[in-house]
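Chain nomenclature is as follows: A, B and C, assigned in order of appearance, with residue numbering initiated at 1 for each chain independently.
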Amino acid sequence: MQPTDIELLKTLCGIFAPSGNESALTEFLIDYVKTNQSKWKVRPELIYGDEFQDCLILKFGKPRASIFAHIDTIGFSVRYENQLVPIGGPEAETGYKLVGYDAMGPIECKLKEEEGHLFYDFGRGIESGTDLVFKSDFRESDEFVQSCYLDNRLGVFSALKVAETLEDGLIIFSCWEEHGGGTVPYLCKWMYEHYQVKQALVSDITWITEGVSHGNGVVVSLRDSSVPRRTFVNKILALAEESGVPYQIEVERSGGSDGREIQLSPYPIDWCFVGAPEDHVHSPDEKVHKDDIKAMVSLYQHLMKKL
Amino acid sequence: MQPTDIELLKTLCGIFAPSGNESALTEFLIDYVKTNQSKWKVRPELIYGDEFQDCLILKFGKPRASIFAHIDTIGFSVRYENQLVPIGGPEAETGYKLVGYDAMGPIECKLKEEEGHLFYDFGRGIESGTDLVFKSDFRESDEFVQSCYLDNRLGVFSALKVAETLEDGLIIFSCWEEHGGGTVPYLCKWMYEHYQVKQALVSDITWITEGVSHGNGVVVSLRDSSVPRRTFVNKILALAEESGVPYQIEVERSGGSDGREIQLSPYPIDWCFVGAPEDHVHSPDEKVHKDDIKAMVSLYQHLMKKL
Amino acid sequence: MQPTDIELLKTLCGIFAPSGNESALTEFLIDYVKTNQSKWKVRPELIYGDEFQDCLILKFGKPRASIFAHIDTIGFSVRYENQLVPIGGPEAETGYKLVGYDAMGPIECKLKEEEGHLFYDFGRGIESGTDLVFKSDFRESDEFVQSCYLDNRLGVFSALKVAETLEDGLIIFSCWEEHGGGTVPYLCKWMYEHYQVKQALVSDITWITEGVSHGNGVVVSLRDSSVPRRTFVNKILALAEESGVPYQIEVERSGGSDGREIQLSPYPIDWCFVGAPEDHVHSPDEKVHKDDIKAMVSLYQHLMKKL
């Protein structure tokens, strides 16, 4: 990974955007695309605004397939007193650093976990309803990157790298994936009604398990809690094989992604999850092998050309 | 509250309309609107019929925002023998009075709970599939009203009071909220496709908790099991602040409303829950402070003018 | 049942089509209809292809109502090593025979269950992601048929028998019912937008319980985990009564079908579950009384004429 790539990924991991409260990242992405698209092979059309809430779509050429990358993260809402309730499914250990802001200013506090109940420890009260997220502590070694929110800032990063050379396709930045969903249905509607696109790739992060390990390539998921259509998954596997890019196969019973909402939408859209695996999921210490990131970008480049 | 208001609320609480079986309340509402609309500031268009199952929409002027109020209630279905299964999530204590009717006539029986299993106690067998609901015992004091089904006949009542002075907006009476949902998706579709309305308020009842108490105003919910879009919730909070109406903020981990289905619909519609809090939820003894009802109506009047 | 009917049902029970991997059955059905429709009262239009994934629709005359029959089955995915994870909710007992195929050829292996974990026992490793299903052992007696996958090959069979004399209506073969759903939403969209059909019957199999027994007729379900609209269910009951066909009423708290997804779709479509009851659900030994199959076909014939 180039130093500029590491810098971009680090920046992405530090932007505050818990589910339902993603507008800062949306703005960052719009700026980023406007600033950088002159260097890209094709300049995309940027689609966003009121009709897309905090989502953003980049349209390149004549789309035949799409990449979905969710921009939201897990986090915590301040309840009453010093209580917290989770946004999505965060790991919650005493001592984790949380950041946010309310009417009284910026917040940096510590998480306390007691018998499954969550609290914050801070010098003053925080307004009810305030969202807090992990404080980013971005670490890089020869082999790994480590930070909170590689899930899914790495999926966003990969999509931005693919954008540089993409000729035809949609890159769709969705919201609320970590907590209940709700944007994918109208994004599918828009995609299908405007471009009849029936092929979707989910650019997200998955787990290290006994069958998936660091450094062995990008993961193509044959199923998680949802079972995607076999004909489409087989097509992806054949393209992965032909690409020469290192990849691993995942077969899980649990877990989910934007894929589930794509499948349940009232449109006949096939989907497949393709993404790097990570350790220490949903903690401040998410860890991904650099080779797997490289493989992820390479496989997406190939897939978006051939689908 | 005026004696006529109390009378209306009492009547609403006594109408039989468990989830899936709401037509009696739909008919009551159509009659009520037809009878009373001549006294209203604007006469709404009434939209109902086959394409809306048992839902009813009132369209005033040029809608920019909508109020969703579900008309169904929790209850019980007669299974086999003297067994009952719940509709939605009712409290179920031995001795509660239940009413309904089957081919043999009207029914008034008692609920029996034994180790989590539910039965009825009645002089004759009741036809399988018969729906039963709590018998209404409407009570009024200086400060409180108390009855079964304030959830959500109070949300319906508030919408009818707001209707009296509403100039522009949609009032949408939905069904099945207590048990599985299913009308909000097509109501959203209709609303968005006909009027491009992207703002929805959920007129429903919430819980007294350690952070929400009787008599301290209408509740604006920042989240429950669903997390609404922060930008929209902040807009509602700013309008609540400017209105001068007493209000309380809610932040919960669980609970849900029509808001969830609005969020999951294939339309980019923002939503916020605004409603009075109650005690003894889903029992025959739901209890709400009159001042909170007043605040609910007042805040809705303000919001529907300013949104 | 005629020998040819038994033969058809037996064939259907042996076709490999777990959720997400249904194309073999789709092809069989297309062939079957093309071969047999010349003997039918009305030749249907066949609707299928990319926009319908692996679903198939038969359109007869001017449709006023529809039959939904899901073509997928429960099964197992090969995870890593010799591990299996379920597709849908199969019974899983040590010794059950499973079949499938991977790149190395056909597979017939045995299921092993150990403390809730599932494994296969086979002479060689099976490729990760391979789907396995129960091996069909079709048994027939004077009164009963028994096999895996009567759920829902019997619902498919019944729809094909109804097709022989159907004049107006849609027969919709859906996918993924056993595992997460996802085709019913776009099938509803297509049905409603093209033909404004608002009446749906779910042709599927239900359970023998204390209220539903073998040989007492087809089951009309008043509710399961979902509560269908009472006005529509009452209409079905009145037609069942007038038909003279033996039928039984079901009232359950749990269980589900394509009906749930019909209800949640953004279209105002009423639905009712009508199907034969079976014993040993989701095992290789599903058992249904022949008289109940006969009643199922007869009631569907009557309903599709009168709705």
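The rule is short, and it goes like this: a contact is a pair of C-beta atoms (placed from the backbone, for glycine too) under 8 Å apart; a residue touches a chain by one contact, two chains touch by 3 or more.
The model shown is predicted, which means the values in this text are computed figures rather than measured ones.
At the interface between subunit A and subunit C, two copies of one sequence, fewer than half of the residue numbers in use are shared by both copies. The rotation that brings the Cα trace of subunit A onto that of subunit B spans 120°, given to the nearest 5. Per-chain CA centroids place subunit A at a distance of 37 Å from subunit C. Subunit A has residues 265-266 in contact with two or more other chains. Only residues 19-21, 23, 50-54, 77-81, 85-87, 128-129, 131, 176, 179-183, 185-186, 188-189, 265-266 of subunit C touch subunit A when the two sit together in their complex. Chain contact summary for the complex, subunit C toward subunit B: residues 198, 209-211, 222-223, 225-231, 233, 249, 251-253, 260, 263-268, 270.
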